[in-house]
Amino acid sequence: MNRLAVELPGLSLKNPIMPASGCFGFGKEYGNLYDLSELGAIMIKATTLKSRFGNPTPRVAETAAGMLNAIGLQNPGLDKVLAEELPRLEQYDVPIIANVAGSEVEDYVQVAEHISKARNVHALELNISCPNVKCGGIAFGTDPVLAGELTAAVKAVSSVPVYVKLSPNVADITVIAKAVEAAGADGITMINTLVGMRLDRKTGRPVIANKTGGLSGPAVKPVAIRMIYEVSRAVDIPIIGMGGVSDTGDVIDFLSAGASAVAVGTANFVNPFVCPEIIRELPAVLDELGVDHITELIGRSHAL
Amino acid sequence: MNRLAVELPGLSLKNPIMPASGCFGFGKEYGNLYDLSELGAIMIKATTLKSRFGNPTPRVAETAAGMLNAIGLQNPGLDKVLAEELPRLEQYDVPIIANVAGSEVEDYVQVAEHISKARNVHALELNISCPNVKCGGIAFGTDPVLAGELTAAVKAVSSVPVYVKLSPNVADITVIAKAVEAAGADGITMINTLVGMRLDRKTGRPVIANKTGGLSGPAVKPVAIRMIYEVSRAVDIPIIGMGGVSDTGDVIDFLSAGASAVAVGTANFVNPFVCPEIIRELPAVLDELGVDHITELIGRSHAL
Amino acid sequence: MILQEQMTIQSIREVADRIYEMVLEGNLVNEISAPGQFVHIRVNDTYEPLLRRPISIASFDRDSGRMTLLFRAEGRGTGLLAQKAPGSAVNVLGPLGNGFSPDQSEPGSTALLIGGGIGVPPLYQLSKELTARGVHCIHVLGFQSASAVFYEKEFAALGETRIVTADGTAGEQGFVTDSLRRNPVDFSAYYTCGPTPMLQAIQAAYPDKQGFLSFEQRMGCGIGACFACVCKTQDSDTRPYVKVCSDGPVFPAGVVAI
Amino acid sequence: MILQEQMTIQSIREVADRIYEMVLEGNLVNEISAPGQFVHIRVNDTYEPLLRRPISIASFDRDSGRMTLLFRAEGRGTGLLAQKAPGSAVNVLGPLGNGFSPDQSEPGSTALLIGGGIGVPPLYQLSKELTARGVHCIHVLGFQSASAVFYEKEFAALGETRIVTADGTAGEQGFVTDSLRRNPVDFSAYYTCGPTPMLQAIQAAYPDKQGFLSFEQRMGCGIGACFACVCKTQDSDTRPYVKVCSDGPVFPAGVVAI
């Protein structure tokens, strides 16, 4: 028995650990450091219909136990991702979750339709929560009606299960979660980044050229845990949790909060080997906790 | 000329530094450590009509560069605050900002009416953003209509200017800010805490008895800075900024973002002398920045 | 008076499995007024860990300006504290709280001192002061297992000392209350510090004795301002709550609702 | 191959005002392939500071397994790095990026090496390699003021070395470009590293020369995955952008749009 295996819609994960979208590119660079087949899955960088250059630099800034980014969904566009990035990832025994972004419903639909047909794409992650682009993205993620409509439109064309990535920049995240569940989402991924800003001490001006950026890293973990706890009680579809996961203990916390699998973002920049290290450490932690199978940890926080 | 003096509605501050509500009690304990007359002002602990015991313990938990609290507005109630706490503070040459909380509009109104008549209370801080009590508090802070109605009701009875304390747990904080401005608020204080959760590693259960708590400290600073930046562009009333302020550099950042004065919360627990230390360091920092008067720093981030 | 001071580490050594003894020197020692007071330690000057850690004063000596702490390297904060080198400085806030009053025991009387795990340290200074007053001290000290036992000799030098371990690898097997049930002792007042269930059991076992209990609670400020560390009281009409940091950590039996 | 290694600090010393020279030993040195590559350093194992810091390799020696870094204690991260003690370990990721190619200069030719401030370090290894190839090196090194000047002797040992300071407290007064305008030099290729305005001025000053520029950019991953460090290119049709960390930090003149 594989004590780490987790079954989710479209995804037979050998372990519940995967790099988060935007923090791992299309796997090429990390693939030079370790065997990507070790991973449970890979969430690739957001893909849009046309290639995007993204925002001006500086695009990142450090904050206390966190970082801000405003990459602005830079990516080579659907055609190149289909022609180059996804085929290169076929050498690994690892399911790909394709992060889909756009400005209009129609953009999302077109990307979803085509990318969901790629051989190694086992699920889509609908990015309705990117805070760093002017149109689209977060607008869908803060309005339950728009979020539901977009989900339904993408579900209608996707060949694989659809996960919707939620924004934490809302008053009540369960409202959005229920809306996308009702619209047919197969799962939820959360959280995307909190909108933040850092100023230059000397000039007083924003450090990031885009002014605001998305806050990620250990600083946001308490918010992520709380929201996953709330959403996992509000919906019946599974959650892939993220937001500050940096070590094996964090993975335990996210599963306990109610996530069924866990994505690692910013921590890849701090320690590029963090994902395989966590995967190797997990069995010993299960022993310590007296747990046979990792799925027993899911939702422990809800026990009365 | 006092290079640190700031004039705000109801408040002639000798410097823009004050302890944040709930992080300084009613000044008694810190008054044993240093002379409270050094402070620009004091925001006292939330006062409710009746005394409150608050939430069960544990009430605090540490997080990466932050902490969670769920005190639950414990306070001795309006009568005791008027009879004991406020008179004791009269020995100091420092304006008091009274933090007013309640469950119903009527509670707020009663507390506001009476406490605003106390000799040393120069302004009210309407707490519509406490995440740690079941009724009231945050409910008002996430609904612009309720927030406006409450503000107007309190303004109608208050003998001193009314500042409204905003919650960061919203999708668009400018909407609430504009609503309370329109309802007659004299100023805004922000941000209160972000709702978060920490789980016990062994049991998977929430560490805090109340389950969720309010996240404060350096971790939330980028969110506070961003929101102050946004609100200071959206309204014409002044802002007292807070959220992670721990040193003199942070004060510069908050003023640059658009705050006219700055409150220090969690940092008092880390260094009980942090407020007077910052006040003493500020003139040298103004020199370094080549600034004559501290008010020149306000809103620097908005420059094009 | 409460000071915030950069105290110098005179020595640090592991006295039992993950239990460290740290000797600190500074002016703060002059301000200590009673055994059972504690200090609030900032383990480094970064934001991680952010909060201070409360640690009891295990013993102190005004002449040398030194005090001893005994702590378990438990989580992140105490783990970092254990790695400090002699000669380096630690940011200490204290002395805090109200400790035990050795005056409560008459010279010639017998005091029972019951400690559990990292609740043992403050009893050491207390026993020294009681013994100096001519009070006869009996120590019953509970630990998880032999590897966790510390300061056995130090306590034995002051009076009868029973070691009790949960797994029986040292001294008697069981909890301190088991030992006291098996072999009762005669005493006039008890003083105890340890995990809450232990305090509860002891208070229940000696309803008629004068007793003093030292409590633990998660803390924010450590000085009474933040209301993090409150406990409900048994007589809630006269005094609805107490704060462990500033009203305690030591309370007479019957005050705190446990 | 890129390694993540706990490298041992052999020595650390302040060579100018807030400029530190740190010698590190480890296997990573075997992987260095060119002058101008950099490493990405995690200054401690807490979350504060969170991100790694990019620092150029100033020189290295495969035989001893050692490399030298020169960095300015600027903010929080480099400030902590400067406090490290010899014998302790630092978490280093590298070698990263593509450096300068000494092969681009023929033996016997003259190379102009222009450095500004903390852009000076990578030029040292470059000059060593060029000189070893028989290339004649002229160094023009710009600093804020006399107190910030470092490695003047080391560069002078390799070839003609001009020091230029903004305030004139050492060498010539002005910027490196002022110096080169006042006293032009004859050379076949230039190599430069420093603040972007300096790179811009140099590229503009020598439009017809072969040149290689090393760029700085705020970084996340340091290995090409996060798109934090992109720059627009001059010929955006064939290649819309480059990443400083993995495509650079060194680019031939005319590639990056500055």
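Annotations
Labels for the chains are A, B, C and D, by order of writing; each one numbers its residues from 1.
Here, a contact is a pair of C-beta atoms (placed from the backbone, for glycine too) under 8 Å apart; a residue touches a chain by one contact, two chains touch by 3 or more.
No experiment lies behind these values; they were computed from the predicted model shown.
Using the contact threshold fixed earlier, the set of chains in contact with both subunit A and subunit C is B, D.
The chain with its C-alpha centre at the largest distance from the centre of subunit A is C. Centre-to-centre separation between subunit A and subunit B, using Cα means, comes to 34 Å.
Here the spacing of subunit C and subunit D, counted between their Cα centres, is 55 Å. The geometric centre of subunit A is 36 Å away from that of subunit D, both derived from CA atoms. Subunit B and subunit D have Cα centroids separated by 46 Å. Looking at subunit A, residues 63-66, 217-219 sit in touch with two or more other chains. Residue positions 47-48 of subunit C are each in touch with at least two other chains.
Chain contact topology: the protein chains form a complete graph, every chain touching every other one. Taken in their complex, subunit C has these residues touching subunit D: 46-48.
Only residues 22-25, 28-30, 32-33, 45, 51, 53-54, 57-67, 69, 71, 74, 217-219, 246, 266, 268-273 of subunit A touch subunit D when the two sit together in their complex.
By the touch rule above, subunit A contacts subunit C in their complex via residues 64-65. Those residues of subunit A that touch subunit B in the shared complex are 63-66, 68, 142, 169-172, 194-199, 201-206, 211-213, 215, 217-223, 225-226, 229, 244, 249, 252-253, 256-257, 289, 297, 300-301, 303. By the touch criterion given at the top, residues 1-2, 4, 42, 47-52, 93, 217-232, 240-241, 246 of subunit D touch subunit A in their complex.
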